[in-house]
Every structure is written in structure tokens, then in C-alpha cells.
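Two complexes come next, and they have one chain in common, subunit A, joined by subunit B in the first and subunit C in the second.
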Partner chain A sequence: MMRTFQFATRLLATIATLLGVSLMVFLLMQAIPGDPVDAMLGERASGADRMALREALGLEASLPEQLRRYYGGLLTGDWGRSLQTQEPILDLLVARAPGTLMLAGSAVLLALMLALPLGIWSALRPGRLPDHFAGAVALTGGAVPGFILGPVLIMVFAVWLGWAPVGGADTRGSVVLPALTLALGMAAVLSRQLRAALLEVLDEDFMRAARARGLGHAAALWRHGLRNAAIPVLTVLGMQLGALLGGAVITETVFSWPGLGTLTMEAIERRDYPLLQGCVLVISAAWVIVNRLTDLITAWCDPRIDWSG
Partner chain B sequence: MVRHWYLGVLVGWLALACVAPWCVEAGNRIALERAFAPPAADLWLGSDDLGRSILLRTVAGAAVSAPLAAGVVLVSLCVGTFLGTFGAWRGGWFDACLQRVVELFQAFPGLLLAIALAGILGPGTGNVALALCLVGWVGFARLARAQAASLKSWEHVLVARALGTPEARILLRHILPLLAAPLLVEATFAFAATLAAEAGMSFLGLGAQPPMAAWGSMLREATQFLLVAPHMLIGPGFAILSLVMAMQTAGERLRQRWQLPR
Partner chain C sequence: MSNRSPFSNLVAELCCLCLALSLLAGCAQPPDSVLRFGLPSAPATLDPRLATDAAAARLCRLLYIAPVDFDSAFRPQPALMRWDMLAPDRYVFRLQREARFHDGTVISAEDVAATYRSVLDPTLASPHHGALAHIASIEATDKGTLEIRLTRPDPLFPGLLTLGVLPARELESASRPTVFTGSGGFRLAAPFNPQRIQLERLEDGQRIDFLVVPNETTRALKLARGELDLVQGGISPELTEWLSHEPGVSVQRVRGTVYTYLGFNLAEGPTRDPRVRRAIALAIDREALVRHVFKAQARLAEGVLVPEHWAGVAAPEPLKHDPAQSRQLLAELGYGLAQPLELTYKTSNDFFRRRIATILQDQLAVVGIRLIIRSHDWGTFFGDIRRGDFELYALSWVGLQLPDIFRQAFHSTSVPPAGANRGRYASADADALIEQAERAPDEASRAAGYRAVQRLLAQDLPYVSLWFEDIVVVQGGRVVGYDTDMNGHYDGLLNTRLALDAPRTAQP
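Right after this comes the complex of A and B.
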């Protein structure tokens, strides 16, 4: 019963956050300096074109009326049309979303594959050579921005070794390099988090008890250690996944990966502000939902977590 | 000595930033006959598509990217600390509003918000700085609020209050000095993050415009000619990486020294 109540309040809070986020995106569009029609069409556009765009965007209406239309459109699925291609914005977003989802999913998978061994290895030998090595790898991995790592990976794996394509999404292997670019930074943070969580858990009484019952080191680690260390790691993973959605703009641009990030940049370059609005809205909403889902999963893993906060 | 490598890197870049203004003109000098020249004894990091010296442009970039990041962090630090401390001290509706706004900003992916804002405002370093400030103050406000809220009930503050010390004096003399350490550590990490964010936005073409040499826009040019002249990556890539890593390490060491929680 308590759980259901808490769940309902969390859901309401999430909806409130989404409302706030969409309001911010609306206000963002009010930040266009000068006349938005000038900004979109350029100053040499004809009077008729200007009037038509003004009409289409509903700029003549008062601010509250614009806001009402904005939310009305959001809820009914009418997100407006792209200024450039005249296609419905929602269609464009739906067409590009799978690209970003696939990239993000592959990145998370790769990050876990890298972070788990690295984190466990350094937690088992704290302060020794493997630990220092893993720490140095994590420091470097965490500090390299995607726009440096991406081109370096392209040089090494696409140009010199020829193992993967330079960019685009034409072949199956094209996702590897952009996913790796995103994954390295994530793996750096995750492995450090896992190391810290494991070191804490390894010191607990139940671990000593497990060893005393005759469980081997690896078995104790597997059965009791990792499970208890998973929660802080999961939290960080959720935060990282959210950050990844925002940072994907740069990585997708480096690799010309067809996703929401490149769509955002196309919208900016073509001054297609209604489309930009849609992109920012979708990515931010995804980030809110991912963060809330993470809360949910961690609470489900560990019943002790107070959920109401 | 090896332990304090980051200090060497920071001092080195500070020195380079000081000589940077004298490199701008030479770094912008076009010499098409040596376009894409690979690194050589007389041209250490090679030249770019217009035959400009990458070494000189990298040094010149130190006077663009680093001061911009420092400025953004300074403004964010001041605004965030002021709002956070004031909110915690006063409480009431101001604090409630502040907390909602902070939560709202945190519900946004910061880099995306900055990119969209800079995209709307138009390209240029000024707009990038503005966008980063708008996103940057939130972290400081949250930290300052949390710290100040707990300091508020510390005994020395209660005593100062009981003695009738003016509020402004309590905030400045009894609360702010205790906030300094965590805020400084946060600022160090924020500098690294802001530097990377600025470079990323310049990489996307939102920041410094040609012919200005900023590290991010140099990397943008480098990726365009990646197959012809991969050496173009080295200068700006090393610059960003070394500075970001040095600042992160500095922040980590400060945190350990002052025994602050993560």
C-alpha cells in the first residue's frame, strides 16, 4: 500500500518535471534575438512569405495564447512542421530516434563490458599495480571528450586498420566506433564507482561470514559482493545514460550518425527553430524518464531505499 | 615531482596564455604553399589547410578557450553562491522558488541546453559563454545552498546571531569562509567541464568563428581533413586533454587534502 502511494507521488513528480521541462523549451524559443521570422527566413524574404510564416507559427497571438497552443499541440501530437522540409516534426523525430537509441544501448553495453572487469580487478588489489593502472585508464578515459576520441578512433580503426567504416550507418559495424567513443567515458566513471562500492562491500561482516562458511573468494564476490555493490553503480549508470543522450550531439556529429543529435545540429544550422524545439524536448524528456526509471530500479533492488524523497 | 605533474601543466598553460596575444597574428598568417605540411623541425606541429602554423594557433587558442572557461566559472560561482547562500539563509518563498528552478535545470541535460541556446542566440564566443553561464550557476547554487543550510545551525553562527551581529556580516565572516573549500573544489571540476563544453560547442561550429584560433574549432577543421592531414589533431587535442586532466587531478587532490566527501 505504502509502495503504491509512493509510486503515485513519484509519477506525479515526474509529470510535473516534464511540464517544467516543456515550459523551459517554450521559453528557450522566446530567446531568439530580434524578430524570429527574420532569424529563420533571413532579411531578404518577401512580405508574403513573412506573413505566411508568422501565421504558421502563431506569432501574432499573445504569449498565453501561444503557450496554450503549444501545449495543445504537444498533447494532440501536432508538433508543427519543419520549416525546411515541411514534414511533420513528430515524424522526423520518430524516424531518427531509433538511431540514437541503438547508439546509446550499444554504448551502455560496451561500457559495462569494460567497466566490470576493470572495476573488479582494481577492487581486488587496491593500491597495487593493477589498481593504479585501472585508475590511470579511468582518469584518461573520463577526460577525453568525444570530439577528440572520435577522430582518433576513426584514424586508428577505420583509416589505418580498416576494421570499421569512417562514419554513417550503412553497415552493421558502423555503430561500433561511435558507441566505443561514448562508452569509454562512461566506463571510466563506472569502473571507479564499482571499485569504491566493492571495496566498501568487501569490508562488510556478511562477506567475512560468507568466506567463513567456506565460500571461495570468487564465489563470495559473485554471490554477495557484486549484488550489493550494484546499487550505487546502477545510479551512476542512469546518470551517465542521461548525460550520454545530451553528449550524443557531438559524437553523432563526429561520425555522421543519423540520430537525434545530428537532427538537432541540422535544425540549428538551418535555423529550423520549430524542429530544434522538438529535438530538445524529446531528448530532455528521455533524460527525465531515464533518471526516474533508474530511481525505480534501484529502489526495487534495495527495499531499504526511501522512495519518497 | 611526478605526483604534482598537474601543477606543471597548469603553470605551463598559464605561461603560454600570457604569450598567446603575440601568436595570434602569426598564427593567422596564411601560406598556401605549405598547406597540410606534416610536422617538421621548423614547423613543429605541421600546418593546417591554409598553411597556418598549428603550434602558433594552439598557443593563440590558450588565450581564447581557457579565459572563457575561467570567466564562465567565475560568473557561475558568484551567482550560484550568492543565490544558494541567500536562499538557505532566508528560506521561505525565495528558497522554495530557487529549489524548484535548480531542480528544473538539473532535469535538463546541461550540454544540450547550452548547445540549443547558443544555436538560437547565434554563433560566437560571447553567446557560448552566456549559454554556459546560464547552465553553470546551478551546480554552485545547489552546493552552496546545501552547505549553508547546515552551517546555519552551527554554534558559532547561533552565537553571532544571539550577539546581534548584522546578517550580512554573519554571511560574509562566518558562513562564506566555511563554504570556500567545497566551492573551490567544485570550481576546479567545473573549469575542466566548462573547458570541454566550450571546445565541444566550438567543435560544432557554435563558438569561435574563423579566423579566430580556438581549440574546439581547430579540431573541427582537423576532422574535416582527417584523411589528408591527421597531424592537425595533435596540437588542439593535446591542449584540451592536458588542461582538462590537470584540472580534474587538481580538484581530486584538493578534495583529498581537505577531506571533503564526493
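Right after this comes the complex of A and C.
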């Protein structure tokens, strides 16, 4: 009963956050410089045409009226049309979402494949050569930004070795290099987080008790150590996944990956304000929802955590 | 759980990753029969009525036939329709040949009328509306004849009918299609996807994919690697030079019409004074900029129109770089190295534009002008320019074909929002010359009139003409017969073929 109440509270808080985010997006779009009518009609349009279009787009309405229409549209699935293509914005977002989901999912998988062994390895041998090596690898992965790492990976794996395509989403293998670019940075953070959490857990009484009960080192680590160390790692992973779902703008651009990041860039370049508004809203909503889900998962993993947190 | 150590796990997983990457080698190369054309940005639309970006306009030319086209001297030429000017405000256009939409329907005058009527419909919000707003009526008098009346005389009007023709029945459809049945040499081979536009050549079924690769370095690497066959424009001179040394890659340069200029505020501030404008013009070493920044992939501009244009100046007197004279002019105004003239230069946050700005800053410092660079995002920058909130700025005009640019950019009635006279240039002489040229009864006197306008502009200096950028085509070894024109049209793809036995480029 308590859990249900906590869950309901959490859900209401999420809805309130989303409402706040959408309001902020709306107000930000009102504040950014540049007139969408200029972007649509160009410099040769007459004053009458400009005014007619402003009225047609609802830009002449009062701010509360625009806000009412905005929320009405959001709730009924009418997110408006792109100024440039005149296509429904929701269709454009839905068309790009699979690309971003695939890239984010692949990046997380690769990051976990790298971070788990690195983090465990260095936690089991703290202060020794493997720990220093893993630390150096993590530091390098975290320090090199995507716009440097991406071209380097392209040069090595695509141009010199010819193992993967340079960019685009033409073949199944196209996702590997952009996912790896994102994964290396994530793996760096996750492995250090896991190392720190494991070092703390390995020193706990319940670990010594588990070993005293006759559990092998690996089994104790797997059954008790990793589960308890996973909580902070999950929190960080959730934050990073939320950011990735919003579109890894630079990586998508470097690799010409057709996702929400490149769509956002296109909207900015074309000054397509309604589309940009839709992109920013999805990016923000993805971040909020994934983080709330992460909270729920961590609370499920560790019953001591308060769901309403 | 396995008894392997975490280190063994790491090694095993890294091996798996390398194996997976190496397995990709087989599928890294796309199929051979498709020509891949790299684009720096996605075309916003394939609706010619809404297309404004270069890629969209060029693709629309491949998909749709337009009533009128231009020849190499930018004279309007009949494409689908020829015309008679009954009066400067009344034209009759007649279909000069039978042409069909890709579904087999014959294109009629009603289709042309419906296309242009829809552009005039304010609810479409077409960016071409402004240029065509003086159309009073469009009537298809029979299947092959169209009568157009204008609200004011316009001898240049036929040059405005260059938008592709769309089927009337689809325009009248309530479903608001965004892609229409075409009529050009290509058709869409797959539903419109802005990131990957797949066209098929009607003549022989040759597939051409236009792939959007926003990052310039990635675009160059894809070309070097053979994942792209052709890239036109959007590659820096440095990368073009690097690509030209790659095996199998060739570079073609064509003179272009993209005109870059330095604009002044003529309504207020120090740049109101023509001596200040002259001093700035004399201090800029345009040749050095073209040689070092563009690696000679541009030519100096002496006016808005290229010399090849029928209304252009064939052998203009070049604006000389003369810092000594510039210093002398500034000294007369009380400025010098000890007491520099301070001016603010606005530009966008584009890397290349900022680079140009810093070079100009350096060149002007030599004569005693301290240039303060303000770099803004495009919306803020262009908004400031439109409002007249600047002293100096640099921008480009793209796709200039008609001399109506002189009214749009220099007539005193064209101050934004009524036009593009951003510097607030107000000259009774210029207005009179522009109006005189517009009223001229024939092309020869019209051209003479516009040349007189250009001579006056060269004296008054509302702009300092900088350069016309070349169109640079970089192609892989398989591409045979691609050629472009001064406007950068993709029409050459109609005759391009792939030499399938030739290597794409260097293979790893």
C-alpha cells in the first residue's frame, strides 16, 4: 500500500516535471531571436503577406492564447507542422526516433561490455598495475571528446582498416563506430563509478560473511558485491541514457547518423522553430522519463530506497 | 559463474568486439550500381513552391520541368513554354512541346496555372510569393495557352516562371501532399526521406542516391573511401587539396555566381561618409584572401552580377588594394595608426565567416581601422542586419539570375521589411537609374541601364564586392561525364554514367 502511494507520488512528480519542462521549452522558443515568418517568406514578402502568415501561424495571438493552443496541440497529438517542409512535426520526430534508439541502445551495451570488466578488474586490485591501467584507459576515454574520437575512429577503422563504413546508416555495421564513440566516454564514467562502489562494498561485513559461509570469491562478488554496487552505477547509467535518447548531436553529425540529434541541428540551421520546439521537448522528456524509470529500478533493486524520493 | 578472471573476460570481450568489427568489412561497401552523391545538408522539401535551399532547388529541377529556364548568359529561355509580351504587364505563354508527368498525363496550361496560383495562395506561405506577388491573374485560355496579367509592368517577368510544374489534380487534393508526381528526367525511386533521397533516371533506370553527410571531414573521408562518388561544394579548399591527391579522385572547378560582399550602414555612424567606405575598400587585399583562404577557388567580384551576365559589366575596372591611399583618406578624416577609427563588424558564428573577419581585422589595422568583431548566431545576426543595427557586415547573395536584385537591394523603397536594402542606401540617382532600366523597351537598353547602375554603385560603395566563389566538384574514379554550370545545377546527372569496372577510389 505504501509502495503504491509512493509510486503515485512519483508519477505525479514526473507529470509535473514534464509540464514544467514543456512550459520552459515554450517560453524559450518565444525568447530566441529571429522571426519564423522571415525564415518562411524571405525578404521579398510584403507586409500584408507577413501579417497574414503571422495570423495563420497564431503568432499574433496573446501569449496565454498561444500557450493554450500549444498545450492543446501537445495533448491531442497535433504538434504543428514544420515551417520548411510543412510535414507534421510528430511524423518527423517518429521517423527519426528509431535511429536514436538504436544508437543509444548500442552505445549502452558497448559501454557496459567495457565498463563492467574494467571496473571489477580495477576494484579487485586497487592501487596495483591493473587499477592504474584501467584508470588510465577510463581517463583517456572520458577526456577525449566525441568530435575528436569520432574522426579518429573513422580514420582507423573505416579509412585505414576498411572494417566499417565512414558514416551514414546504409549497412548494419554503420552503428558500430558511432556507438563506440559514445560508449567509450560512458564506459569511462561507469567503470570508475563501479570501481568506487565495489571498493566500498567489498569491505562490508556481509561480503566477509558470504566468504565465511564458503562462497567462492567470484560467487560472492557476483551474488552480493555487484548487486549492491549496482545502485550508483544504475543512476549514472540512467542519466547518460537519458542524454543519449535526446540525441547525441555531435556524434550523429560526425557520422551522418539519422537521429534526433541531426534533426535538431537541421531545425536550428533552417530556423524551423516549431520543429526545434518539438525536438527540445522530446529531448527533455526523454531525460526526465528515463531518470524516473532509473529511480524506480534502483528502488526495486534496493528496497531500502524510498520510491517517493 | 565462470572461473575466468575479470581480466580474461575483458580480453575476451575486446576480442569479440574486434571480431565484430572485422566481420563488418564485408558489408562496409554499398552496392556498386548506385551513384552516391553527398550533400552537406538535407533538402527541406521536394516541393518546388517551397524550396529555397540550394539542394532542394537543384533536386526539384531534376524532378519537375519548369516553364522557363536560363541560358549561360542568364537570359530567360523557353523550356516548356515560349511567351509573347503583349504589353509589359500582360504575357501569353504557350506550351512549345508535349510533355508528360511521370504517370503519363499530358502537362497542360491548367497545370502551370494551378501551380502558380497555389504559390500566390497565402496559406501555402511560399517563399516565392513575394517575387510573384505582382501577378494579377493567371488564366489557362486553352489546353496549351496561359495568359498572365500583372499589376505593374515587368519586362523581366518570364524569368520568374522557373518553378517546376505540378499536377493540378494533386494541388487541388485535400490531403496536402508534400511530394508530387514529377515530370523531369528523374523520378523518386523510394518515398521521400530527406537524409537519403533515391532518384531513378527515367532514360535508363540509373539510381542516384543523395546522401546527407553534414560533417565536412566525414564527407571528404567517405569520398576518399569510395562510399560517395560525387560531392559538389561544401568542402573547404584545404580538404579539396587533400582529396585531389587521393588516388582515383578528381577535382573539377567551375566559375560560380555566389556573390560575397561587405555591407555598410549608410544611415548612421562613420560608414555614412563615402571616404570611410572608400578607405576600407582600398585597405582590403581581396587577392590575398582569394589566394590564401580560398586557394584560388574564387574570383574577384567587381559587382553583384557576374561578368558573363547579359546585364553584367564584361570588363569591370578592378578595385585596387592601395593601403597608402586608404591611410591618406583616413588621415584627412583625422584617423591614423595613433588614433584608429573604431568600427564594429558583425558576422554569423560560422567558422569560415569568422576566419574571414579576423583576416579583414588584420588588414584594416594596417591603415588605422580597429575592427571589433561581433559574432552571433544566425537569427540574431540576420535580425540585426535587417534592423540596420550594424556598421559593417559580410554576407552572400546566392542564385542571382535576374537584375531585379538592384531594386531589391539598392532602391530606397526596399529598406527592410519592404526589401533587402539592408544598408539603407538612399540615392535619388540610383533610384532613377534602376527605374529607367526597368522601363527600357529592349534588352540592349535594359543592359545599358543596369550597367549604369553598377557604375554608380562602384562609386558610392554601399557594398564592397569581395568575390564569386567557384563551384568545386570532387568525384571518385567511377563517375564519367558529370558536368555542372555556373549555378551549380545537378542537370549534368542526366548524362553521367558509372564506369563499373573502375575502382571507386583507393581501396584499403
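Methods note: the second predicted complex is superposed on the first by the 289 of 309 C-alpha atoms of A that agree within 3 Å, B and C clash if a C-alpha of one lies under 4 Å from a C-alpha of the other, contacts with A are read in each partner's own complex, and residues count from 1 in each chain.
What we mean here is this: a contact is a pair of C-beta atoms (placed from the backbone, for glycine too) under 8 Å apart; a residue touches a chain by one contact, two chains touch by 3 or more.
From a predicted model like this one, the values you see are computed outputs, not experimental measurements.
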Clash-or-fit label for the pair subunit B, subunit C on subunit A: clash
Subunit B versus subunit C as contact partner of A:Pro33, first or second or both or neither: both
Broader residue contact with subunit A after superposition on the shared chain, subunit B or subunit C: C
Touched partner set for A:Val254, first subunit B, second subunit C, both or neither: both
First, second, both or neither for A:Gly242, with subunit B first and subunit C second: first
First, second, both or neither for A:Met265, with subunit B first and subunit C second: both
Partner chain(s) touched by A:Gly173 [first = subunit B, second = subunit C, both, neither]: second
Contacts of A:Arg54 with subunit B and subunit C, given as first, second, both or neither: neither
Which of subunit B and subunit C A:Val280 touches, first, second, both or neither: first
Which superposed partner A:Met155 touches (first subunit B, second subunit C, both, neither): both
Which of subunit B and subunit C A:Gln86 touches, first, second, both or neither: second
Subunit C-contacting residues of subunit A that also contact subunit B: 32-33, 151, 154-155, 159, 166, 253-254, 265, 269
Subunit A contact footprint on subunit B (complex, rising order): 100, 103-104, 107-113, 115-117, 119-122, 192, 196, 199-200, 203-206, 216, 219-220, 222-223, 226-227, 230, 233, 237, 240-241, 244-245, 248-249
In the complex with subunit B, residue positions of subunit A that touch it: 17, 20-21, 24, 28-29, 31-33, 139-140, 142-148, 150-152, 154-155, 159, 166, 242-243, 245-247, 249-250, 253-254, 264-265, 267-269, 273, 276, 279-280, 283-284, 287-288, 291
List of subunit C residues in touch with subunit A within their complex: 1-3, 5-7, 9-10, 13, 17, 20-25, 27-30, 41-42, 44-45, 47, 50, 52-53, 122-123, 125, 127, 129-131, 133, 176, 178, 193-196, 211-215, 217-218, 221-222, 224-225, 227, 377-380, 382-383, 386, 408, 416-420, 507-508
Complex contact set, residues of subunit A against subunit C: 32-35, 38, 40-47, 49-50, 52-53, 56, 82-87, 95, 110, 113-114, 117-118, 120-121, 124, 130, 151, 154-155, 157-173, 176, 218-219, 222, 253-256, 258, 262, 265-266, 269-272
